[in-house]
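In structure tokens below, several structures.
What follows is a pair of complexes built around chain A, which joins chain B in one and chain C in the other.
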Partner chain A sequence: MGDLAERLMEELECETVFTLPIRIPAIPQYADGIPIYESVVVTWIIMAVLILVSVLLTRNMRIDHISKRQALVELLVTKLTGLVEGMIGERGKSYVPWLTTVLLYIGVANMFGLFGFKSPTKDLNVTIALAAMSIILVEAAGIYHLGIRKWLHKFIEPVPVVAPINLMELVTRLLSLCMRLFGNVLGAFVIMEMIKIVVPVILPAV
Partner chain B sequence: MNTLVAIGAAIAVFGAIGAGLGIALATGKAVEAIARQPEASGKINTALILGCALAEATAIYCFVIALMIIVMLK
Partner chain C sequence: MLKIDPVNLICTVVNLLVLFVALRVFLFKPVQKIIADRQAEADRQLAEAAAKQTEAETLRDQYSESLAQAEEEKRQMLKAAREDADAQYQRIVGEAKDKARQIEEKAVADAHAQKDQILKNTQQEIGDMVVDAVHKIAATQKNAETDKSLYEAFLIKAGEKQ
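Showing the complex of A and B:
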């Protein structure tokens, strides 16, 4: 078991793949170049895969006599957008493409651990960035649809005393969102490692 | 010291009881609702999956905290 704890610690750390030769002496971490972490590189690979697949699947689209490939794409797109639209409702239609993109990215990123890569969502920085993006989008949508006065008024509802709690909720929601995805992926990883220890005959440890 | 750390992590995971009970209750009610109104199963499913994901957060917090206890205190 001591071996497992060491491997876990090893996996929790994100390695630097290479260093960008841009020196920023003002910031001590970037004094000898900006480090590029493994999660960023794997994210680039995921982006390339997603872009390649979408380009390959959406070539030669036609209105009539559609090919099997186009039928599959149409089915996928309708199902995914329908799922997201069912959750967000009729009025939030303009946010559906962004949410579907994030859904696709997170789905592929979690799956990427199976192919020998290190899942980028196992890095806390990635999940914090995703959570921050979501919180900023939610608040920006609030300002856009309610107007800034009504949006500010939301913080002192139902009584002005609860304003600190409402403000704190912004931070706790961010923490909750990022910890949830991180914990999920890490939990899956730990359980996979344990399965490899328990049944090494069926699932030989790689 | 190691024993105490292990006991602490085990106590932290006790919070997962809440998540288990919550998901069990939600699923039971969803099954009842689908049995009563099978045509509404799509909407019920969406709400159930969303609620389960939120309820699961408690268990994941427990897991993360237990892991932090083990990793930080060792």
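Showing the complex of A and C:
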């Protein structure tokens, strides 16, 4: 079992792919240049794949007599946006593209482990970034729709005494969101590793 | 990796924003545009079909109206012809009746005239015979038997004349 734990930790370790030659001696972390982690590079690959697939799929689109490729991309986009729209409702229609992007990114990132890459969502930095952006979006939407006065007023509801708890909720929600995604991916990863250990016992030939 | 690195965090944020913009430009916008275009095309075709239907309905109404008009015209013409024919019939029958009455009246008048003539002639002859008889009586002055034979002779003569 110690071996398993070691291997898991090794798998979880996000390697530094390269280091930017910018030295910032004031910050000890960046004293020897800024390290760029595997998660960021894999995200670049995911972005490239998604953009390339989008460009390829949306080429020569027509109104009628559509090709199978166009039917596929239309089905995908309408299903994904429909899914998000169903969750967020008619009023949040302007947030649908962003949420669909996040959905696509997380979906692809989680499945990217199958292709031999290290899933970026296994890096806490990525999940923190996602959670932070979601919280910022939610609060920005709150300010936009309620106005700053009403938005601030929400912190002292139902009684002003709960204001610190409401403020703390901002942080805890962020933590909860990022840890949830991180934990899900980590858990899935651990279970897959354990299945890999168990399978040879039952099916030795595999 | 449980180590938090601000630069990588910011890198991820930038990556996500870039991915969002790129997907918006290359995926969502084109697909939504094509769907909107298709919707517009479908709306246009539907509107066109509706307009055509309205036009067809107008034409149908016009046609049935003109049909009704023709029917009415036919009816009027038939009525007029019937009235005309009736008037002519009445006129002809009236004329015939008039003519018949005139003929009848003329016949009656002729008959009366003839009758009057005959009567006049008879009266004249009776008068002549009476005068003749009186002459004979006055010349003979015989008895009653003679009177009787004379009378019978007169009667026979009168019967022959009549």
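We adopt the following convention: the second predicted complex is superposed on the first by the 200 of 206 C-alpha atoms of A that agree within 3 Å, B and C clash if a C-alpha of one lies under 4 Å from a C-alpha of the other, contacts with A are read in each partner's own complex, and residues count from 1 in each chain.
By our rule, contacts are C-beta pairs under 8 Å (C-beta built on N, C-alpha and C of every residue); 3 or more make two chains touch, one makes a residue touch a chain.
Model, not experiment: these values are computed from the prediction.
K.L.:
Identify whether chain B and chain C fit side by side or clash on chain A in the overlaid structures.
P.N.:
fit
K.L.:
So after the superposition, what angle do chain B and chain C open up at chain A's Cα centre, nearest 10 degrees?
P.N.:
Computed from the C-alpha centres, it is 90 degrees.
K.L.:
Mind working out whether A:98 is in touch with chain B, chain C, both or neither, as first, second, both or neither?
P.N.:
It touches chain C, and chain B stays clear.
K.L.:
Look at A:122 in the shared chain and tell me whether it touches chain B only, chain C only, both, or neither; answer first, second, both or neither.
P.N.:
second
K.L.:
Of the partners chain B and chain C, which touch A:40 in the superposed model: first, second, both, neither?
P.N.:
A:40: touches chain C, not chain B.
K.L.:
Now for A:134: first (chain B), second (chain C), both, or neither, which partner does it touch?
P.N.:
After superposing on A, A:134 lies clear of both chain B and chain C.
K.L.:
Of the two partners chain B and chain C, indicate the one touching more residues belonging to chain A.
P.N.:
With both complexes superposed on chain A, more residues of chain A are touched by C.
K.L.:
Considering only the touch criterion stated at the top, classify A:110 as touching first (chain B), second (chain C), both, or neither.
P.N.:
Neither partner.
K.L.:
Touch check for A:81: first (chain B), second (chain C), both, or neither?
P.N.:
Touch status of A:81: second partner only.
K.L.:
Just how close are chain B and chain C at their nearest CA atoms in the overlay, in Å?
P.N.:
Shortest inter-chain C-alpha distance (chain B to chain C): 11 Å.
K.L.:
Looking at chain A, which of its residues have contacts with both chain B and chain C?
P.N.:
Common interface on chain A, chain B vs chain C: 12.
K.L.:
Can you name the residues of chain A that touch chain B in the complex?
P.N.:
Answer in residue numbers: 5, 8-9, 12, 83, 86-87, 176, 179-180, 182-184, 186-187, 190.
K.L.:
Chain A touches which residues of chain B in the complex?
P.N.:
Those in contact with chain A are residues 42-43, 46, 50, 56-57, 60-61, 63-64, 67, 70-71, 74.
K.L.:
Per the contact definition, I'd like the list of chain C residues that touch chain A in the complex.
P.N.:
So the residues of chain C in touch with chain A come to 1-5, 7-13, 15-16, 18-20, 22-24, 26-28, 30-32, 34-35, 37-38, 41.
K.L.:
Where on chain A does chain C make contact in their complex?
P.N.:
Where chain A meets chain C, its residues are 12-14, 29-30, 34-37, 39-40, 43-44, 46-47, 50-51, 54-55, 57-58, 61-64, 70, 73-74, 77-78, 81, 97-98, 100-102, 104-105, 120, 122-126, 128-130, 132-133.
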